[in-house]
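In the two complexes that follow, subunit A is the common piece, with subunit B as its partner first and subunit C second.
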Partner chain A sequence: MSLANYIIYRITQAFITFLGASLLIFLFVRLLPGDPARLIAGPEALEEDVQRIRVQLGLNKPLYEQFAVYMASLLRGDLGTSIKYGTPVLDEILTRLPYTLALAFTAEALAVAIAVPLGILAALKPRSLVSQLVSVLAVVGASLPVFWTGLMLIFIFSVELKLLPSSGSGSPRHLILPSVTLAFFLIGNLARITRAAVMESLGSNHVVTARAKGLSLSKILMRHVLRNSLVPILTVASVQLGALLGGAVVTETVFAWPGIGSLLIDSLFFRDYPLAQGVIMFTIGAFILINIVTDILYALVDPRVREILWKTV
Partner chain B sequence: MGAISRFMVIAAAILVVIIVLGVYLALRPGTPAPTPVVTPTPTETAPIISRKDTLKVAIGIDLDTLDPQGQTTTVVINVLRHVYETLVWYDDKGNVIPWLAERWEVSPDGLTFTFYLRKGVKFHDGAEFDAYAVKANADRWADPNVRVPLRGQLPLKGAEVVDKYTVKIYFDKPYAPALRAFAWYLLITSPKVIEKYGNSTITEAIGTGPYKFVSWEKGKRIVLEVNDNYWGDKPYIKRIEWLIIPDATTRVAALLAGDVDFAYNLPPTDMERVRGAGLQIVTPVSNRIMFIAILPKGPLADPKVRQALNYAIDKKAIIDGVLYGLGVEARAPLPPHFFGYVEMPPYIYDIEKAKRLLAEAGYPQGFKVTLLHPTGRYLQDKQVAEAVQAYLSKIGVQVELRTMDWPSFVAELRKPLAETKHDMVLLGWGPGVADAHLTLYGQFHSSQAPPKGLAAAHYSNPEVDALLDQAARELNEAKRLELYKKAIETIWWDAPWIFLYTQKWFYGASANLKNFIVFVDGEQIFFHKAYFS
Partner chain C sequence: MEDSLTLRIKEAKRKRLLEVWEAFKSNRVALATLIIIIFVILITFIGPYIAPYDPYSFDLRKARQPPSREHVLGTDELGRDILSRLLVGARYTVGISVVSIAIGASLGTLLGLISGYKGGFWDSLIQRINDVLLAFPTILLAIALVAFRGPGISSLVLAIAVSFMPVYVRLVRASVLQVVVEDYIAAAKLLGLSSWRIMLKHILPNVMSPVIVQATYHMGLAILVASALGFLGLGVPPPTPEWGSMIGTGKIYLFSAPHIVVFPGLFISITIIAFNILGDGLRDALDPRARTLLRRF
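Entry: the complex of A and B
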């Protein structure tokens, strides 16, 4: 199978996943107790006004009819209209998307830039201080709640030192604290994986041979070790990135960062079915896309993967 | 040193740093001189005005719509009231005063309001404010094809232009709170805007107010700029940025860091920190009465039992201990600044009396009940429910708490009496207009019991129904007050609620922000006269 065919195969597969997911999401979102019309109007509104809103939104129709309308417009590429804002769901997502992209990629890049060198150093000197630091970071970073880290950073760098804005968006300075908060959460895991992968390749026969040949350490690292360690690092980084693209809900809330995550939370609290569905579908789409890209990258960095993948499908 | 122990040493070191830092930040003493609670009053002496003319305000929720007829939420209305204006308004005592209308007349049958409009007022898009504009807005409010969630609070029928500056607005039946409701709900936009959008949601904000709408970046901020052609006094502040900061602790941080000059709805737990930093603390009384609705089920159907529950709870202690003082003890089933308010003798905290009443009613050993309550909706709602649970256990009433998020809670509340799984509900009721009708009718008229309305106590008393119906139609204010007095007395001793408190807001402002106006009913803050010293 050629690369082009492989990509087509993966996209078809993704499309089917996507349709199945849309049915599940449609049902799950409506399983939550609550009535969007009442939530819009507030408790003090009269029932007759609320009922009129229900009719205007089509919420009084049977579920299968609502689903048919939803699927028909979805197949036309229309995600529907937000109940709360009265604007197209796609517009709402696209307004928030740049913020999510900026935060996700900055945080992940920061995490990779710190974690990979740290992991390599730790692998080269397994009993050193660096190696211990990696272990501790992995535990601390993953177990400290993100909102706590975030608030601490705000109180230190904004309230006390007055170096950075406490929250909001609009300049690169605003991006620093939220991405550091997220990166702190990601670094430990990524560094641990890097260390393990590099240690494994360091012990493998071809590296031992290369050493015996008298190759310099830097050459061995670049040519033989890192290339072989890339697959697990790529896997972890892409899963992390996929999760971040779905919105870093807590970080976004703490830093008032107007991304996809806060949009999702907002839409669920308002039982804004079309908007919630749209955001979740988008998140799933982003995850699928990243998986496809990662698989292609695997194939590019590893000839064995290339062969196995393309032959079996 | 072994690998494990070194790991432990590093981990311990990091932990110690974190804890020391946390303790330092938590216990750090603030600026020594605490500022007293400030209620800003307009200063008559010539103010020293700073050149700073951009104001940044932190709010917790985003706007939902710019549509003047689609408004439901206090904070959103507060933002947009800087852009839109209404025919009448309130003075600082709560009396209705002329605004876009210079004067008005009400027909003897109460069905026709004639407004004589201010001349020379222009909308931000250049259109003239006149009777045609008012008619377009009133008709749109009444149009059933337009999404107007709070139409029931101002049930007008339509409008008619008499001449360019005179307009008549009609009702089907007399509606006593009408004038106050005009002041609150009928935001006036340009007739050009209404022509452009028709029935569909209006997505721009064109008003006559002191500020022009500039932009709304969703989830991020709303920007207003001064309207140089404003018909009234020109504001000092040229630009207001309303920043959407969902997390209350972050709003405190933004205020402490000086990133914002004013912040809405701060956590009561942070009051000392805000005060310690020398900032202004603003705690106006809201329109929201908090209560525990008692459903007429089992032992609770007996008024003696319901009175016992009222005597068993120390409201003052809850206000001081759980709410950090952010409440006013309820002495009637509505907030104290409402039209129609009558102060009743308190149910003084008295466990022995409560036990005696329970025994008289035939429940000396108490009984079990379920209390439904939301979490994260009202100030300290979960903690208040827990406090009530503890107090009632002292008289043998075992309370099981059912905690729900707001949407699920409302869905549960809408169930008819026979399907309810709870016996009591913690609820707040906060209509926009400070008029007894909107609280009492919504919560005690039998027609409003779920599933038709959200009158959580399922209260049904023909006498109270008749009084409330009559009061809603009565145009003579003295007679109307008399009717509410009777209704409130009956409700108070019938005790379909555990009457708790009226909630206060907690806002913070930077020390140099002066002369912002806390609206008379405590619900809103206005910045069109504010300045920095």
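Entry: the complex of A and C
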């Protein structure tokens, strides 16, 4: 299979997954016990108000007709109209998107900047303190709930030391605490993967040969080891980034960071049902997109991956 | 009377269990976390009986008191005893996680068995649906399900079970594909056993190790998701003392009374750390080869 064919194949596959996800979201809303119109109207609403909302959202039509309308507008890029703001859902999302992108990329960059050197040091000295630190971080970092570490950081740096703002988005300084919170969650896993990858390539034949030839350690690291360890590290980092773009819901809420995650929570709080549905669809789309971009990048970068990927297709 | 073959099989099974236990026991840290976990599970059962105060009775005159001899972990924003609320709340946070994983893992294992053993149409159908579910980030799928169903314990259980299920489908299917080529499966087929019998009696026991380890890792993640949803106000509604929602309602007092947030967070964190370390220990003891298939997140 040629590269062009592979890319077409992956995009088609991703598109089908996206259609499946839209169908699933559509069915969640309609088929799960519980009446969305009643949820929007609130428990004290009159029956006629509930009926009005039902008509407004098209929930009174037969299921297949609803699905046709829903898919048609989705493919046109129309995610519906927000009940609370009265504006197109897509506009609302695009206003919030830069904040989510800023947070996700800062957090991931911070995590990579700390975790990769830490992982390399740990791999060079497997029995050292650094290596033990990586093991501890791998468990603890991923175990502490982000809403709690976030609140603890606010307590230390905003309440006690009065160094950083606790919430909001006025300046770059507002970005520090939420990024650190997310990075802390990511570092352990990334460092552990780096350590494993570097240790594996340190033991591989060509590295042993390079050592035997008397090349200095730093040269070996730069030329042979790091290049070979790049794929697993990039894989984990990109999966993390993909999850951050949609999954920073909790952190954004803790720090009142006006990204897509807090938009989702707001929309749920105000029972702004089209907005919630739109944000979820958008996030899944972004998540799927990142996955195919990463896959295609691998195929371009690494001939070994290319072979494996094409064989399995 | 039992014949010697069944006796030998029983003996071999007992020996295998003993080996796993020996391997697990040599991991001191994992052994220590097992004690923490037994303690936590004990609390979910006897919590309400050992709680010093009524977790629901409030007294505004005693609101937001720091830890004292009377209230060991202090009182919350309504003057309720935090220790009592944590002890009673364990059955919500931990209980919900156990039930959801039991449901998600059983359903996922069943679908994975069918997918891997039957192949063909069923395999394609299950795998396509599974791919779609795997395309959702875990917490987002859980939020979507809870959001469209309204908050409550049953929504939370459904949400966690459904978002974890696809991991088991994939894991079990992969393990089944390794097992079906074995001679004893061919023998079972030749004997004319029904495919359900082969799946449940002959394949299932051989794919259980990775499922058990995955479920242990998922306990940590389930507590994380359940408490995060509680924190966001989408989980168990107040005044129920679910650990995450205790932090959610207490967070506005972070400036004046940080202990309201600190102690529930410690309970959540220690429990999750314990389950994750236990998972590592079990993985190493049960099946070191399965490493690459299992995931903690």
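FYI, the second predicted complex is superposed on the first by the 258 of 313 C-alpha atoms of A that agree within 3 Å, B and C clash if a C-alpha of one lies under 4 Å from a C-alpha of the other, contacts with A are read in each partner's own complex, and residues count from 1 in each chain.
One rule holds in what follows: contacts are C-beta pairs under 8 Å (C-beta built on N, C-alpha and C of every residue); 3 or more make two chains touch, one makes a residue touch a chain.
A quick note: this is a predicted structure, and the numbers were derived from the prediction, not measured.
In the superposition on chain A, A:Ile154 makes contact with both subunit B and subunit C. Using the contact criterion defined above for the overlaid structures, shared-chain residue A:Glu48 touches subunit B, although it does not reach subunit C.
Once chain A of one complex is fitted onto chain A of the other, the partner contacts of A:Leu263 are limited to subunit B, with no touch recorded for subunit C. In the superposed pair of complexes, A:Gln56 makes contact with subunit B only, with no contact to subunit C.
After overlaying the two complexes on the shared chain, residue contacts for A:Met71 are found with neither subunit B nor subunit C. Contacts of A:Leu97 after superposition on the shared chain: neither subunit B nor subunit C is touched. Looking at the shared chain after the overlay, A:Val139 reaches both subunit B and subunit C. With both complexes superposed, B is the one of subunit B and subunit C in contact with more subunit A residues.
When the two complexes are overlaid on their common chain A, residue A:Thr253 makes contact with subunit B and with subunit C alike. Put simply, subunit A uses residues 32-34, 39, 139-140, 144, 147, 151-152, 154-155, 159, 253-254, 269 to touch subunit B in one complex and subunit C in the other.
Those residues of subunit C that touch subunit A in the complex are listed here as 128-129, 131-133, 135-140, 143-145, 147-150, 220, 224, 227-228, 231-234, 244, 247-248, 251, 254-255, 258, 261-262, 265, 268-269, 272-273, 276-277, 280, 296-297. Those residues of subunit A that touch subunit C in the shared complex are 16-18, 20-21, 24-25, 28-29, 32-34, 36, 39, 139-140, 142-148, 151-152, 154-155, 159, 189, 242-243, 246-247, 249-250, 253-254, 264-265, 268-269, 276, 280, 283-284, 287-288, 291.
Contacts from subunit A toward subunit B in the complex involve residues 32-35, 38-50, 52-53, 56, 84-87, 92, 95-96, 127, 129, 132-133, 135-136, 139-140, 144, 147, 151-152, 154-156, 158-160, 162, 165-170, 253-256, 258-259, 262-263, 266, 269-271. By the touch criterion stated above, subunit B contacts subunit A in their complex at residues 3, 6-7, 10-11, 14, 18, 21-22, 25, 62, 64-65, 67, 72-73, 144, 147-153, 200-201, 203, 217-221, 243-247, 249-250, 253-254, 256-259, 405-408, 410-414, 427, 429-432, 438, 442, 451-454.
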